[in-house]
Amino acid sequence: MRPTPRRCPLADSQIIVETASHAEAYNPALLHHFAEPQQQRDAASLGMWIFLATEVMFFGGLFCAYLIYRLAYFGDFAAASTSINAALGGANTAVLICSSLTVVLAIWAAQTSRRALMLLMLVLTMLFGCAFLGIKAKEYHDKFVEHHVPGASFSFEHEEIPGHPGQYANPHHAEIFFALYFIMTGLHALHMIVGLGVFTWLLWAAWKGRFTPDYYTPLEIGGLYWHFVDIVWIYLFPLLYLIDRHR
Amino acid sequence: MATAPAQPVERENYLNAHYGIRSWLLTTDHKRIALLYLISITFFFFIGGFFALLIRLELLTPAGDLVQADTYNKLFTMHGQVMVFFFLIPSIPAVLGNFLVPMMIGAKDLAFPRINLLSWYLYIIGGAMMLHCILTGGVDTGWTFYTPFSTEFSNTKVIEAGLAIFVAGFSSILTGLNFIVTIHRMRAPGMTWSRLPLFIWAHYATSLIQILGTPVIAITLVLVVAERALHLGIFDPKLGGDPLLFQHLFWFYSHPAVYIMILPSMGVVSEVIACFARKRIFGYTFVALSSITIAVFGFLVWAHHMFVAGISVYAALVFSLLSYSVAVPSAVKVFNWTATLYKGSIRYDAPMLYAFGFVGLFTIGGLTGLFLASLGVDVHVHDTYFVIAHFHYIMVGGALMGYLGGMHFWWPKISGKLYPEGWARLAALIVFVGFNLTFFPQFILGYLGMPRRYYDYSHMPEFQILNVFSTAGATILGVGYLLPMIYFLWSMRYGKPAPDNPWNAAGLEWQTASPPPTFNFDEEPVVTWEAYNYDEIDAAHPEEVSVGG
Amino acid sequence: MAGNVDALYIFLLIVSGLMTLLIFTTLIYFAARYRHRPGVPAEQIEGSNKLEITWTVIPLFVFIAIFFWSATIYFKSRTPPRDSTDVYVVAKQWMWKIEHAEGQREINELHVPVGRDVRLIMTSQDVIHSFFVPAFRMKQDVIPGRYTIAWFRATKPGTYHLFCSQYCGTQHSGMIGNVIVMEPAQYEAWMSGSTGGPLSATGEKIFAELGCSTCHRMDTQGRGPNLQGVFGHPVMLDDGRVVTADENYIRECILDPGARRVKGFQPIMPTFQGLVSEEQVNALVAYVKSLSNAGPNGSKTAEAAPAKSRTKGTQVE
Amino acid sequence: MTPECELPMSAPSDHSKSSPLTTYFAVWVALLFGTFLTYEVAKIDLGPWNAAVALIIASTKALLVALFFMHIKGAHERLLKLVVITTIAFLIILLSLSMADYATRLWS
């Protein structure tokens, strides 16, 4: 690593160029094309935020389909939604919120050089993540047993629409709900699995002592991703589990 | 600003720094990745072009005599998919953008070099899937994948094509992400937003569309694939779904996708016109901001592809009105380019000829867009050859002209060699003539009522004469596209070595060697001047002679 | 319609022609006048806000004017007049099946009288098609699962192309036909050649065969709503919404009775999805419509506005 | 454009000051309470307000996560906020313009 002139990466208002007299100390985490760590950190965090923007639009297409069919087939959606175990969904929400807390605590531990706490929090995060997937698997299993998985063996006959005694939900419309339910929660679960992979790597890196109060960018951007997956769930929970529950 | 004389001994540059196949396939150098992209998209361009040629040959006679109906349907489908997703969308951003964005802002590389390489691999995986799909039977849904035809009725490889485009979409997203972060975070000291070349502004706007639009088509294709595999009913009217929902989601991306193709081209044209008129671009701020405006407004107009599809009349009115709003910034750009020529000192080297061609063809393409945005006329010309002609004027006359212009302009920088100027001017002329001969008759065909995607028009023999013109033009156009490929390849071996700044152009990319060193600049540049400071350059070197003399 | 569309088209041609001319001449003039001359440097000009505003605002106003003109035409072309002749169109891969309200059936041909408003009630059995008659400047996609409506009025006898303009599979380019516009007398002669009764009569027969009449009785005692005088009138739904009973609503009630149920009735009607063909649905809709035209409460729409004059379409061929 | 420049000397540990542990735990409690609330409110009939209330609670929770856990609040530049706002704006464009069609289809 040859000494790089120190500079402000985004000199909009002024030009700051110092000569190599202030050459930075050798920093193994600094990639060759960045001038200094702050620039690298900012690039990584902006990159993750923009990636999350694409994720929002990715789920956005599904939310659009959901919105349109929910308005068109409200009763059928309510009937289908009521057949899902909302308590499990609520429990999963709580699990994810707890995992988000452990993520911020892990970052805080890294910032304040508490290595043991950081490792503990990372392990806890992954445990919460696995718990989420376990509860999700239970839900999927229930739906599978009830023949609520869209496809050849789908069946939703004679299910009453909440608040309309004697009126049965249209199975086709219920199938659209379950299709959206499985695609949305399935993609969410896929994101969780990817998140667990990322956190496995973070745990390994933390174990190796890669993260210091000066360098914990991977933890930070991994955390951003995890929180985003949490936010998606925060919306999925009321939209999929709590339609017309009051009847 | 010194133009270094051609060096007797070859300096170390990004091309000769490493040798061997590994040094290319595992490279993280944005310039090498740009070349990888150049080779891959050229390959797909000629595949798509081959399909186009067969389409035009089939339409030479009214009867369907060259190929079978199903084959023809596959030809236009795969022509569209290959050209849109595997050539036009990656063309300028992934080749010229990849090569130039870091250099123009004075960075050593893109912000995420490994993600850049990943994006090329995703493109190659998607491309390989598309190629496999083509070779094992192809797909016949039209590039638009309209449901329920694609999900229930077509018996071709819809799932494979959908997944290929899905994968290629992520390549496009990652390129856009990389550009945005790079432009925000990697600018050299002094490179303020108001000093950015317009090429950068255009790529910034393009990237916005790539990151916000592409995910929507990705999820839409997931839904199509799931629907086709499992018959979920989301787009199937028999099961309560709405096929128009697919069209909404599809065009939410695919309309802005047109701006992914045209905006970078506009960026190229701004650079070229400024250089060959030796002037700062007229109304820099307006040209820069119009790129962003086009990108944003481009997202508000998608349902003008659906005016006769059965959407609500009131929604059609809203979308029509919004469609005009995107025409305003486009017009502003054309006016500003024209005004830039005023009191310039204009040379007519090949890149400038392409730029002139771009402005002319884009003007026609844009103005015929008005016909399609206006509801009353759109009802008649929708899904006819008028639409085909219109979007080819934008995508081929616009985007491709810009791409070729840019390739000529920066070829000395990319390869370190000069291309033969005389041949280049000839090729530009052939492309311009061939293009107009191919597509202008299609406007007339469309207004006369010839529907698109017809393989047999033997009941309407009156359409033949215009189709013959069109096919003749396509042949000329084909020659026009082959020529640059031949002389570019020729110049790599036999061309004269290029000086660092053959055009005497402004911009950081011209201040480093040709071809540039691996990390672009020997010394980190510090920018103390405004963009397009041609007055200062020309004052320093009053009588530089351009390449073509 | 054709005249209006052509007028706008020509106007657009003139506007864009002038624009193109303006840009091209300026471009070529500047390119020639300011070509590179040794010793004559370019003059740097920063830009001009006045000019920028001018060429932003003027096009904007032109565009808005075009918008209003074109929107008027579109709105008219999407709003069928009241007293029109109904023709039911069923599209399938790869043919047009046409049923006249009077009972005639044709394939890939549509016979219409000159000077009468013809309303097309169209649906598709499989994929999306599009009913396109270039001479009438008329086009409407035909979607499976619902009706789309279009209308035209032919003003000159003759034979005109009918195309499918939405890609629909292998024989897309073979899904073509003719619209044959006839003088009224000729048309009457053609009509009298038909064998079956009117479509509504067919519908009445199906109505009885499927047992609809056991619940939908012609009095207030039925378990389903009395259908007399329903068509074209607002209907109060179970959830409090009000909809107008148009063709699409009647169709939905047959195929998905639970979706928008009339207030005051039990959800007991079974769905007929998959049990009736598109043609049978058309006949049923035509029957329900006829109950409204001739019923005790309904007024005969044919008498309502016979002499209403509207903008006329012309043919260009 | 906004001055996004952060001088290199500012220490990264600034974050810990802007989001101390008490904030984290407070947000955590608020999020759990929000989950409980949305679950219970769903059992009450609020007519057309059911969906609105559920979405308001969800958005509040999402906002809390974004502001405090994802450090949007303590971010030293406006750019990240701009990214978030732009994304939400484009999501709203997708949803609202699609609904412009679906909501008005029955009018004619």
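In order of appearance the chains are A, B, C and D, and numbering begins at 1 in each one.
In this text, contacts are C-beta pairs under 8 Å (C-beta built on N, C-alpha and C of every residue); 3 or more make two chains touch, one makes a residue touch a chain.
These numbers come from a predicted model, not from an experiment.
Asker: Could you tell me which chain's Cα centre is nearest to the average position of every protein Cα atom shown?
Answerer: Here the chain at the core of the arrangement is B.
Asker: Please state whether A-B or B-D has more C-beta contact pairs across its interface.
Answerer: A-B
Asker: Could you tell me the distance, in whole angstrom, between the mean C-alpha positions of chain C and chain D?
Answerer: Centres of chain C and chain D (C-alpha means) sit 44 Å apart.
Asker: Go ahead and note the Å separation of the Cα centroids belonging to chain A and chain B.
Answerer: 34
Asker: Taking the mean of the CA coordinates per chain, how far is chain B from chain D in Å?
Answerer: Those two chain centres are 36 Å apart.
Asker: On a C-alpha centroid basis, what's the spacing between chain A and chain D, in Å?
Answerer: Their C-alpha centroids are separated by 14 Å.
Asker: Do you know which chain D residues sit against two or more other chains?
Answerer: Answer for chain D, listing residues that touch two or more other chains: 1, 4, 79, 86-87, 90, 94, 98, 102, 108.
Asker: Residues of chain A that contact two or more other chains, please.
Answerer: 8-12, 16, 42, 46, 50, 53, 57, 60-61, 64, 68, 72-73, 170
Asker: I need the residues of chain B touching at least two other chains; which ones are they?
Answerer: Residues 184, 192-193, 212, 216, 240, 242, 244-245, 248, 252, 313.
Asker: Show me the residue ranges of chain D that touch chain A in the complex, using the header's touch definition.
Answerer: 1-8, 10, 12-13, 15-16, 19, 21, 24-25, 27-28, 31-32, 35-36, 38-39, 42-46, 50, 54-55, 57-58, 61-62, 65-66, 68-70, 79-80, 83-84, 86-88, 90-91, 94-95, 98-99, 102
Asker: Along chain D, where are the residues that touch chain B in the complex?
Answerer: Counting only chain D, the residues touching chain B are 1, 4, 79, 86-87, 90, 93-94, 97-98, 100-105, 107-108.
Asker: Would you pull the chain C residues touching chain A in the complex into a rising list?
Answerer: Answer in residue numbers: 238, 256, 258-259, 261, 266-268, 271.
Asker: Under the touch definition given earlier, write down the residues of chain A that touch chain C in their complex.
Answerer: On the chain A side, the touching residues are 73, 75, 161, 164, 166-170.
Asker: Residues of chain B touching chain A in their complex?
Answerer: These residues of chain B touch chain A: 107-113, 115, 173, 177-178, 180-182, 184-187, 189-193, 211-216, 218-220, 222-223, 226, 230-234, 239-242, 245, 248-249, 252, 519, 524, 526, 528.
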